[in-house]
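Listed after this line are the structures, all set down as structure tokens.
Both complexes below contain chain A, partnered by chain B and then by chain C.
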Partner chain A sequence: MIRQGFILCLTLLPFISLFFIAPSMGIENNEAIVHTVGLTIILSGINVWLATTFAWWLLWTESRWKHVLEWLVFLPLFIPMLATLFGLYLILAEVGLIGTYVGVMLALLVVTIPYSIRLAYNGMAVIGRPLLEQARLLPMSRRVVYVLYPLFSRTMRTIALFSTVILLSQFALIQLIGAGLIPTVTTELYQSYAGNNRSLALSNTWMLILFPVVIYFLLSGWNRWMVRMLKGRLQ
Partner chain B sequence: MSLNVVDLRKQFGSRQILDDVDFEVALHDIHAIVGVSGSGKSTILRIIAGLETADGGDVRWNHRSLNKIPAHKRRVTMLSQTALLFPHLTVGENVTLATRKRSRKQAEHWLQVVRLGDRYDAEIHELSGGEQQRVSLARALAAEPELLLLDEPFTNLDPKLKLDLQRFIRDLVKELNLTAVLVTHDREEAMLMADRVTLLEAGKVTRTGTVEELYDSEPGFGDFVMIDGELRPLSEVEISETIGEPVQLMKKIYRFGQCFGEYHFEDGRSIMLPTHEWFQIGMMYRMKRKEEYHA
Partner chain C sequence: MLRSSVALTILVSLFPLTALLFLGIEATGTDWGALLTDETWRDSFVTTLYVVSVSTMLSLVFGTWLARTVVKQRWRFTSTILKIPMFVPHIAAAYLFWLLFSGANGFGGIEANERDYVTVILTYIWKEIPFVFLMMLGTYEQLNRGYVETAKTLQLSPYAQFKHAEFPFLIKPLLDSTWILVAFISFAYEVPALLGVTYPKLLGVLAYERLSTGLYLEATAPYAVALIWTCLVGFGVFVSYLMTASLRRRIERGVRR
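On to the complex of A and B.
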């Protein structure tokens, strides 16, 4: 009981202090919100798509290069973020993508995709290879729509949430690769912290918290509706 | 039309799982592949289904190679040790999904065939193991396969249910004119269900033949006896004093607190069966099918 209480305190501690600060004022930089929403949607979508298809391939491939490729893909998990970031900066600068939306997106993909693949792979392992093999005997469209999507929707939601949270945590990456031209809620928040504007920092913080929460409920509702709709088509 | 497995080879790491495996399954036959665990029998089935790729050799259906055809286009369905039903779907939805036109009517038909017509809306977890296996069979049949693969589907069932389901599936496969490949380690199961049997040992085919041919030529092939003109496993026969084939009790031994007798037939064959303690050595008795196994 003590252990559970301690863990709960640790989890809630950062949020308790938010209630002690003065009421927040509105966020003026709508561009930052638009960028954040755009990046979240595109990044989550690409992550879910790439991670799911790659994990599916990993699950079935008999290629002798499987382990090498697996190791290379998961490499960013073990290399410090700043090292990755500097390497990325040099490459993207070389091809002229610094300060662009595409450059920021590519950089965010590099840091999120290893986690997403790991989540997708574990998600498939939970469903179990034998059940997925049964699904493989079904025509492709039915397999994806009626079996894989409903069984995998929670993992997809987790991948989307996880990539969103990573995106919202990246100040240095977005600031460096975006060259200050791609403002997001995170970069705005950092600036308000730096300027000791607590009120603005608070409103940005609530925005940061709100993003994953809204995404969680949106995706949960969407998944539930989709599964019910698909089951209805089998009646 | 037939299934031809030609020079099939498969290696996992440094271990040779299949070594030039060759056999032919005739149309509308039930063909059993019998071997101990690790002999490679399930790998053969998985290669036929398209779930695994062979390192060499070919699988041909109606003289057409299946090697490059993906699993879902092979018109092959598979029944495994566990029912492997999709847990988020109901019984009926599992079967409907497999039908060609996602038809509830067809799904209901197949559920009727497996005697589960009233369980369309039941959740999977509400069914017993045997019922789940029957739903799995309905799903396999609903896909209208040309080839049915049975990967030890009776392993997790209790003996009575196992026997019922073995007979049920055998009769159904025959009635629907399907071709089936059964993989099992249980020789009795192979004898009961199959028309032809392939014996597999360490990834190599040691012999293929009809059940009768193997009974005659393989002394170790299962504990079966010919009774009433049919091969029966020893578990289905008993010694009586009045009716059946004459046998002579030659020896009595005690094992696990039970009395066993060694009986000799007139043609010199001998079998070992549980026996009554008061039976006398040297006396003639009769061997018959147990009452519960008379259809």
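On to the complex of A and C.
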């Protein structure tokens, strides 16, 4: 009991700093928040879509390239993120996508997709082929809506949450690829930290922490509602 | 539909490898001799090695220990709370630690922005323990208790029990998490930039700053350093997976049977 209490205290201790000083309430930069929300929604959507379809394909394929491709998609996990970023910078500069929304999106997708695929694949492996095999008899749309979505809604939520957290951690990526033209809450935090504006930095920190929390609850509510509705339709 | 999105995923996954190729091309003009003897880079390299090895080792040990204890003692609530830090962005975690350890708030004699990088290591440990914990939790939940029972009946010491009945099954997730952590911690900007010092900087910070400030506009050194570091990590990954390949295969077969 004491050991558990100690571990819990250590885990939650850093959150005390949130209450040291009052965060500034006035929202300084609306654009940063809009950018962050926009990037989050698009990135999570693409990640969920690409990762689940790829994991599904990986589960059933009999292609002899399976193992090669499996390695290929997991390999980026072992490449340091900044190294990927420097290389991407060179590539995107070649195509003229530096400083654009598309360029930033693409770079973010490249760094998040390996994690998402791994999560999706693990989620499917837990349920296993025998159970999913029956679902393959259904036509595509019914299969997705009535079997796959209810089964994987939690995995999808985790993928969305993970992509959001990774996105919110990126300063170097957004600054370099966005050429400083695409402000997000993260870049704002850096600037207010460098400018020694503590209360503004703290309000940005609050936002960075609350963002994933809000997304978690929104998606949980949505999933619960959807699954209940689908169940009702089946009866 | 399925095919095109699979193709798209493969295309996106090819980007990092292409990126490395571009790094290689860009780095060809570098004066390698000057780079290797440059004291700034060398100091950064040593500090980076220190920070990476300490934070990775501690995260692995604590994460594994926690997963083992949580499964054994059935601490469900603790298990939920332990996952929380994973959903805090790195940069927010760094700022929380900065507030906790800076100026008047100096906590337990540790201060932010000092040469030993204690706060950087603490931030990484706090953030990465939940990651290791989650990787190991699945393994511990599926672990065949029969081996541990056998080891107990044979009256092995607790250490020997762990070594023979648990550790072999942990090799794969441990290896995966080690290299993911090393790749992640060793060459990053956000956390050490906030909590670090101006000299010696960690490799990631130094490389990023050299690249993004106008002073070194023509410099190819950051690209070269990024490439060298990736090759080092890649070499480590390759060797460690190769060395454990036969052992891992044997265990996988055994578990399936």
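One rule holds for everything that comes next: the second predicted complex is superposed on the first by the 223 of 235 C-alpha atoms of A that agree within 3 Å, B and C clash if a C-alpha of one lies under 4 Å from a C-alpha of the other, contacts with A are read in each partner's own complex, and residues count from 1 in each chain.
FYI, contacts are C-beta pairs under 8 Å (C-beta built on N, C-alpha and C of every residue); 3 or more make two chains touch, one makes a residue touch a chain.
Keep in mind the model is a prediction, meaning the values are calculated, not measured.
Engineer: For A:109, select first, second, both or neither according to whether it touches chain B, chain C, the two together, or no partner.
Structural biologist: second
Engineer: Check whether A:231 is in contact with chain B, with chain C, with both or with neither, and answer first, second, both or neither.
Structural biologist: first
Engineer: More residues of chain A are touched by which chain, chain B or chain C?
Structural biologist: C
Engineer: Is A:161 contacted by the first partner chain B, the second partner chain C, both or neither?
Structural biologist: second
Engineer: Quick one: classify A:30 as touching chain B (first), chain C (second), both or neither.
Structural biologist: After superposing on A, A:30 lies clear of both chain B and chain C.
Engineer: Just checking: does A:53 make contact with chain B only, chain C only, both, or neither of them? Give me first, second, both or neither.
Structural biologist: In the superposition, A:53 contacts chain C only.
Engineer: If we overlay the two complexes on their shared chain A, which of chain B and chain C does A:196 touch? Say first, second, both or neither.
Structural biologist: Neither partner.
Engineer: Let me test your reading of the model: by the given contact rule, A:17 touches which partner, first (chain B), second (chain C), both or neither?
Structural biologist: second
Engineer: Check whether A:216 is in contact with chain B, with chain C, with both or with neither, and answer first, second, both or neither.
Structural biologist: second
Engineer: Residues of chain A that sit at the chain B interface in one complex and at the chain C interface in the other, please.
Structural biologist: In chain A, positions 140 sit in both the chain B and chain C interfaces.
Engineer: Can you name the residues of chain B that touch chain A in the complex?
Structural biologist: 49-53, 71-72, 76-78, 80, 82, 84, 86-90, 92-93, 96-98, 102, 104, 143
Engineer: For chain A, which residues are in contact with chain C within the complex?
Structural biologist: Residue list for chain A touching chain C: 4, 7-8, 11-18, 20, 49-51, 53-54, 56-57, 69, 72-73, 75-91, 94, 106, 109-110, 113-114, 117, 122, 140, 161, 165, 168-172, 175-176, 186, 189-190, 193, 201-202, 205, 208-209, 212-213, 216.
Engineer: Could you please specify the touching residues of chain C with respect to chain A in the complex?
Structural biologist: Listed in rising order, the residues are 1-2, 5-6, 8-10, 12-23, 26, 66, 75, 78, 81-82, 84-93, 95-100, 105, 126, 138, 179-180, 183-184, 186-190, 193-194, 204, 207-208, 211-212, 222-223, 226-227, 229-230, 233-234, 237.
Engineer: Touching residues of chain A toward chain B in the complex: what are they?
Structural biologist: 62, 130-131, 133-140, 142-143, 146-147, 150-151, 227, 231, 233-235
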